[in-house]
Every structure is written in structure tokens, then in C-alpha cells.
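Each structure below is given as C-alpha cells.
Look at the two complexes coming up: subunit A is in both, with subunit B in one and subunit C in the other.
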Partner chain A sequence: MSTTPERWDLRLYTAGQSPKSLAALANLKRICDEHLAGRYSIEVVDLMKNPRLAKDDEIVAIPTLVRKLPAPLRKIIGDLSNEERALVGLQLRPHNTGAGK
Partner chain B sequence: MMREPALPKLKRTARNGERELPKARTGVEGFDQVTGGGLPKGRPTLVCGGPGCGKTLFAMEFLVRGAMQFGEPGAFITFEETGEELAQNVRSLGFDLDGLVKDGKIAVDHIHIEPSEIQETGEYDLEGLFLRLSVAIDSVGAKRIVLDTIESLFGGFENQAILRSELRRLFRWLKERGVTAVITGERGEGSLTRQGLEEYVSDCVILLDHRVTEQSSTRRLRVVKYRGSVHGTNEYPFLIDEKGFSVLPVSGLGLDHPVSSERVPSGVPQLDEMLGGEGYFRGSSILVSGTAGTGKTSLAAHFAHQTCRRGERCLYLAFEESPAQLMRNMGTIGLDLAPHVKKGMLRIHASRPTLYGLEMHLVQVHKMVSEFEPRAVIVDPISNFVSTGTSRDAQAMLLRLVDFLKERQITAFFTHLTSGGTALEATEVGISSIIDTWLLVRDIEVGQERRRGLYILKSRGMKHSNQVREFRITANGVRLDPVKRGKGRAR
Partner chain C sequence: MNSEGLSRDAAMLQDAVEDAEDVCRAIARGEVDAFVVGDEKNSKVLLLANAYQRYRQLVERMNQGAVTVSVHGNILYANQKFSQMLGIPLAQLYTAPLDAYVGIADRARLGSYLMLSASGSRIELTLNRRDGTTLPVKLSLASFADGYATLLVTDMRPLQWPALTVDALDSIRDCLETLNKPGADNAEARKAREAISEEVNGLARMIDEMLDVGPRGG
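For the complex of A and B:
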């Protein structure tokens, strides 16, 4: 599995307490605990409260997960219910022919 | 100055006699006329077309003019170009986008979507987009909004089902916000748009087209759909020049030009005699047709000379000869045009008709007429226009030209070169119906001599001669004499 030593800095953009947002947060926590235990931080940004923040990371879709660190910046949209694709998106799993699409 | 013709009044639109749909004027020249007042107020309009058709420009002009002329602030949401690029692009049209942004009249937001850095997993929606639109709208109190282009937005996402439902939601949302929206879209294969859905959820659909026929390009605009309103269904040519967008309505929306019973002499006394003794009607359209070398230009020059001598300005559009050549040639038949040019009474504008498309010519004429304010316009010859477009285009253009001139009570004088072999009366352009006075110059054979003859094919509203007169070009101009019987041998 992943042996990356860096800290993971993640930001999840949501809009209110929608089921999709809640599902995304739950799925994200589960994935992180499993693969990045102890070396990740999740910041949840509610655009409903602070819509101007959408500009910073060019957010259009909700929910959007942004991997701020490690570089490069990655964006994953959706409720992260498809774990395989979420892992590929986070580059916790190599994007080989079998995974993802 | 060009006067903007009054908008046609639409009394009722719906069959049940409901009140006219409120409209938001675009300020785009000609467009508000075509649509009876502009775009549907508070509703979404789709502007679609291929690349380079002028979508973005149309949208931008709608927004800028809204802010400048109609007191409606606007938001421009671009998914393609950055704000700076946009400002640069419209600066050439004299729009100060930066200034309007600074004054809080226009908000520009560039939403950048990079599909390569996005991974999709599971359910999502585009709530982030809606929130950003809200921010942009609220920042200036926008009454108008532009989304440019819808493809760049939706191209970033894979899930077609989500995309389609969000597209519907977007249009519904815009309507709920009550903003007059222009959404631009790329034209799809076989349908107006890529998704084939946008045109159904829009209240109004404008199609822009840029086509090249025989190496000259023509831009056209068509109102495909306009819910709750009557609209012209024609294709209207439009132009993009240094002043922005201008749509040329196929005018003559009604045949209600002012009519004058004043007469203007033709410059040839004997011709006036044939035309009820007084010459042409002011503001009428006159056509002289004939084969090559029959003296059409001479008749035109006589009219120009006469117009200027009366102290009225005349615009001479020469499509075959340069001004110098025209003046030299007319000098040999005793018509000295140079003093009129010097005094600014006569303006000769020479250009090759193939240089531009037909519409460009029309707009040029519009501009020159607006600046110079002539009382007579001569187009010599119109047959060259036929070579630049299809015959139907040429006909439509002439119709618009005649209408434009008639509206302003400007006498229009056209010459037309008929090709040998065809019946002389068969004018290629088929413009008879828009011509009031039609003169024909043709070769006639008298005995064994070949002479030129002139007769009046028609002249509306006046008693005119039905004689064929012998047409002679002398050192003192054109003379028209009764045809003498040939003696049977050459003299």
C-alpha cells in the first residue's frame, strides 16, 4: 500500500448539510482512516455560508474534495461513494488499467 | 446621424390578448427591431452558432449596452477567456469593460474548469456554480447575465445524467432569479446545440451563422424561437465592425415610406419630356439597363450633374471606374464633374464590388449616406453586385438599399448591365418590383444602321412616353431624338 511519508492536507467543499455532502464527509473519513491514519487533516468549507470561497479553488461541483498537499493539486468531485475511483483520484492507488474507468 | 427607425408596435401577441411579454432592449443596432423590442426580460436566451460567429461579442454588447444605456447592471461569467482577455477583445469596439467593472456596473467572473485535474466519484451537483452566479449577480445587482459558453462549463464533467439535469436546473434557476440571461452555445452536429437540450429550455433561441459563398463571407442571424412573442423568421445579415454588432433588418417591414410628388430633372431635357415633362419623382428608384456601351453611365452622370447644379449633394458609387477615369470620360461629353467634387457636392466612391460581401457594401452605403446626407445616390452598376453574391442575395440587398433610401427620400439611380443574348427586359436581379422608373437603352437597327434607342419600360405614377427615342451621345451630352426612318442605305 501507500508508503508516502508526507502530511495530507485535504479540503472538502460542501453546500449546507445536503445528503451528498454528508455522505462525502463520511466516506472521506473512512478512506483517510484506512489509508492515511494519523497524517491527514480535513478542512470542511461550507459554501452556503461563505460562497465567495468557491473562487479560490475554482469550485463548481458540490461536493468537491481538493488535495492541497501533497502537490500537485487534485480535485475529486462527487460523494466519494466509489472508493476505487476516490483512491485513484487521490493518487493513493496507481491509475492502472484495472482501476477507475 | 443615422436615425433609428421606430420599433414596430405589437399590439397583441398571445391569442387570448394577454399583455405583451416584457422585453429587455439589447441596444444592438437592428436587433431590437427584428425582435420587436429585444430579448425576453427575466428569461434565458440561447445564442448559438459555430466558432467565430460572434456569440461572445453579441453577449458582451448586450451586457455593456444594458449597463451604459439602459441602467441595467450585468454579470459576465466566462468559462473560456479570462477577464483581461475579454476586456482586450471588446476594447477594439470602444467598450471600456475595465471602467464599467470599476464603476460597479459590470461584474466579470472567470470560472476555470480543468477537466484533466478532476476525478469523478459518485453523486454530485453544480451547487458551487449556482453559488458563484449568485455572488456575481449580487455584487453589482445584476439584471442581466451572460454565460459564455455552456460547452466549456459542461465539457468538464463526464456524468451525462447529472449534466442534463443540472442544465435544466440552471435555466430554471436563472428564471427564478429574474435576470435576463444570454447563454452562448456551440452549434452541435445536426442540432442547434451539443446537448440538444438547451434550445428546449430556453425561452428564446438566436442562431448566428458565418458562411462563405464564393469567397466572400456573410454573417447571418436568425431568431429560431421566441416564446410568447411574434418575431421575424428571416435570416438577417449582420456585421461586426468597429462600432460593434449591427443587424440589418430586412426593412420594408411595411411599405410606408413617405412619398413625394416633387419632381427632379434627369439632366437630359428630352428625357424629362418623355417622363411627363418634368423628370423623375424625388425619392423614387430609377433603373437604366442596357448592354455594354449603351450610355448608361452617361445618363447617370447627367443626373449627378443636374443634382449638384441644383445645389443638392449626390453620392456616386462607381464599381467599374475610378473617380478620375469617370470624370475624364464624362468631360468628353461635356459634363464637367470636377467642380462639384471640389465644392463637396459630389462624392464619388469607387471600389471593387468583390472586395467585400454584399452586406458590407450595404453597411458602407448606410454609413456614407448618414455622413454625407446626399439627396441622390447613384449605383453604377448594380450588375456587379450580382457577381459578388447569389442572385437572391443581390436582390435582397437591393431591396434593403431601396427601402433605406426611400425612407430618407433619397432618389436612387441604378444602372444595370444586361448580358447580351438574353432578353433585355430580363433583368438578372429580378428587381422590377422595387423600381419605379425603368429605362432601357438598346441597340436598334434602322435600315442598315445600328443605332441606340431608349425607351421607358415603366414609370410609376406618371404619364410617360411610349416612344423609342434615338439615343445619341454628343460632345454636349446625351440627346434623345425621335427615330427617323432609315433611308435604306448607310449615310
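For the complex of A and C:
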């Protein structure tokens, strides 16, 4: 993926230590290390501590990953257990790889 | 509205529909376990039941009592450890007034403590156990929300053991001096032996309690 942008700013909305939140963070870290090594930052926003922050990115379900950079902003809802879907959502992989809905 | 505006609105609607579809898909696949509800000023996070499992297991298995009481002081939840502390089955604890298990002298203080509900505050009092013995404990307010107070209950005996052990050993030493004293009469010697026996039994009970509240006692 040498054509991917230099900087990836990701924000993961979690709900404390809920199982899906922990899974999402673990999956995200693994995906980033494999595909964006050294070029990403992850901000974890725990909505259990401050639910009001959900409105910033209009979060409804948790966990939700928001790609802040590169633009455009993109959201991936769920625990990122489906890596293909996560890669397509992050636009690290083309949409036609069989990870459709 | 011109065609450009209509196209923009159509694109926004399309995004909104895709977002909604994504949420539905994630729910259907069990990939989310919490939702944000409420308006912007009063939003909350609702966790699905299984999302609490980790905390529930932690609370159920921890070696510290936990009890949640209503504004009226009735027990709404208690963990296994709290049940063990009192020697009363969990089923009997639910809806019972907490102060029924607190020493009479401490009940007014407990009432004031629950009314103030200051997070992080603590109170020391005595619990009445089913077997008629008492248990010195420290209550710490873990949380207070929606009118329910959750208290952590810590057995204070371990903190008392060092001082009690020193006292017992001092007493035994004094008794041995009496026994070894030249010219001690039979009555003195018998009294000393009885005192030693009592102190040793007390130490044995303390060791039993240590094993019960320690890791081996689970």
C-alpha cells in the first residue's frame, strides 16, 4: 500500500471496557500495525466517561471508528472483526474484494 | 431549489441511509454492544447486557463485599462475598434493609452516611453476622447514581490482627513468667495455664479467620 497517504488520524469511540470495545481496539491496532506502520495515530474516546463527545461525530452505536485523516471523514461501525470490511472502510483496499455488505 | 441543491441533498440523504444501514448491519452481526441515546445535552451510553459480563464477574469473584442499596436503604444487589461476610444466603439479603445487619449503635451513622452519599467517603462500623458474632468493616461509597448507592465492604479484621497478635503474645509471655517464677502456688499456675490456653485458642481462631479471608479462603 505504498500509495496510501502519509498520515492517518483515527478516532475510536468506545464504551469503557465492553467486550466489543476491547475487541475493536485490539483489531484496530493489529490492522494499523500491518497496513499503516509508523503512519497512524489512534485516539480512543471513552463515551462512558463523557457521552456528550458522541455528538462530535454523530456516534450512535459503539464501537465506531472514525477516520479523521486522510479526508474525507469515514466511519466504520463495529468491532472491526471483519478485517476485509475494515480495510475497505478505511479505503486501504478497493471495494470489489468481496467484503461487501 | 436548483438542481445543484437537490443533488447535494440527495447525496446527504444517501450518506444518511448508508450510515443507518451500517448500524443495522453491525447490530445484526453482533459487532456493537453499546448505544448512545438521548439528546445532545443529556446523552447517555446504554450497554447491552453482555457488555457488563466482565464487570459482573469481577464483582462476583472479588474478595471484597459489594452491596447496592436503594434510597430507603434496602439491599437491591449483593455479591457472594458480602453474603459470606454475614453468613446469610444471598436470596435472603435482597430487599432486606441493610441496617438490619448493622450494629444498633452504628445504624444512625449508616443512615446519615447514605443520605450524604459523598463519593469516595468511608465509614467504619460493625456488621452483625448470622452466627451471633460481629464483623468490623469499612464501607466505601463506590458510586451513587439514579438514587442507588453501591458500597464496597472491606473486612477490617486483617488490620487488627497484628495488634491482637502482639497483645496475645505479651499475655502468654507474662503467664510463662508467672509459671517459671520460683514459689508460684498452684492457684497462680493454674490461672496462668488457663490464660495461656485462652490466648492460644484466640490465636488459632485468628489464623482460621486469616485463612478464610485470605486468598486461600476464596
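Definition applied: the second predicted complex is superposed on the first by the 95 of 101 C-alpha atoms of A that agree within 3 Å, B and C clash if a C-alpha of one lies under 4 Å from a C-alpha of the other, contacts with A are read in each partner's own complex, and residues count from 1 in each chain.
Simple rule for what comes next: a contact is a pair of C-beta atoms (placed from the backbone, for glycine too) under 8 Å apart; a residue touches a chain by one contact, two chains touch by 3 or more.
Here the structure is a predicted model, which means the values were calculated and not measured.
In the three-chain model built by superposing on subunit A, subunit B clashes with subunit C. By the document's definition of touching, neither partner reaches A:Leu25: not subunit B, not subunit C. In the superposed pair of complexes, A:Leu73 makes contact with subunit B only, with no contact to subunit C.
Look at A:Ala61: by the touch rule set out above, it reaches both subunit B and subunit C.
Contacts of A:Val45 after superposition on the shared chain: neither subunit B nor subunit C is touched. Of the two partner chains placed by superposition, only subunit C is touched by A:Gln17; subunit B is not.
In the superposed model, A:Val88 lies in contact with subunit B only, and not with subunit C. After the shared chain A is superposed, the part of subunit B among 25-33, 43-51, 79-87 or 115-123 that runs into subunit C is 115-123, by C-alpha clashes. In the superposition on chain A, the residues of subunit A touched by subunit B in one structure and by subunit C in the other are 15, 18, 20, 47-48, 51-52, 54-55, 59-64, 75-79, 81-82. Only residues 109, 111-114, 117-129, 131-132, 134-135, 153, 156-157 of subunit B touch subunit A when the two sit together in their complex.
Subunit A makes touch with subunit C in their complex at residues 15-21, 47-48, 51-52, 54-55, 59-64, 75-79, 81-82, 101. Looking at the complex, you find that subunit C touches subunit A at residues 19, 21-23, 25-27, 29, 31-36, 38, 40-41, 43-45, 47, 50-51, 53-55. Residues of subunit A touching subunit B in their complex: 13, 15, 18, 20, 23-24, 27, 47-48, 51-52, 54-55, 58-64, 72-83, 85-86, 88-89, 100.
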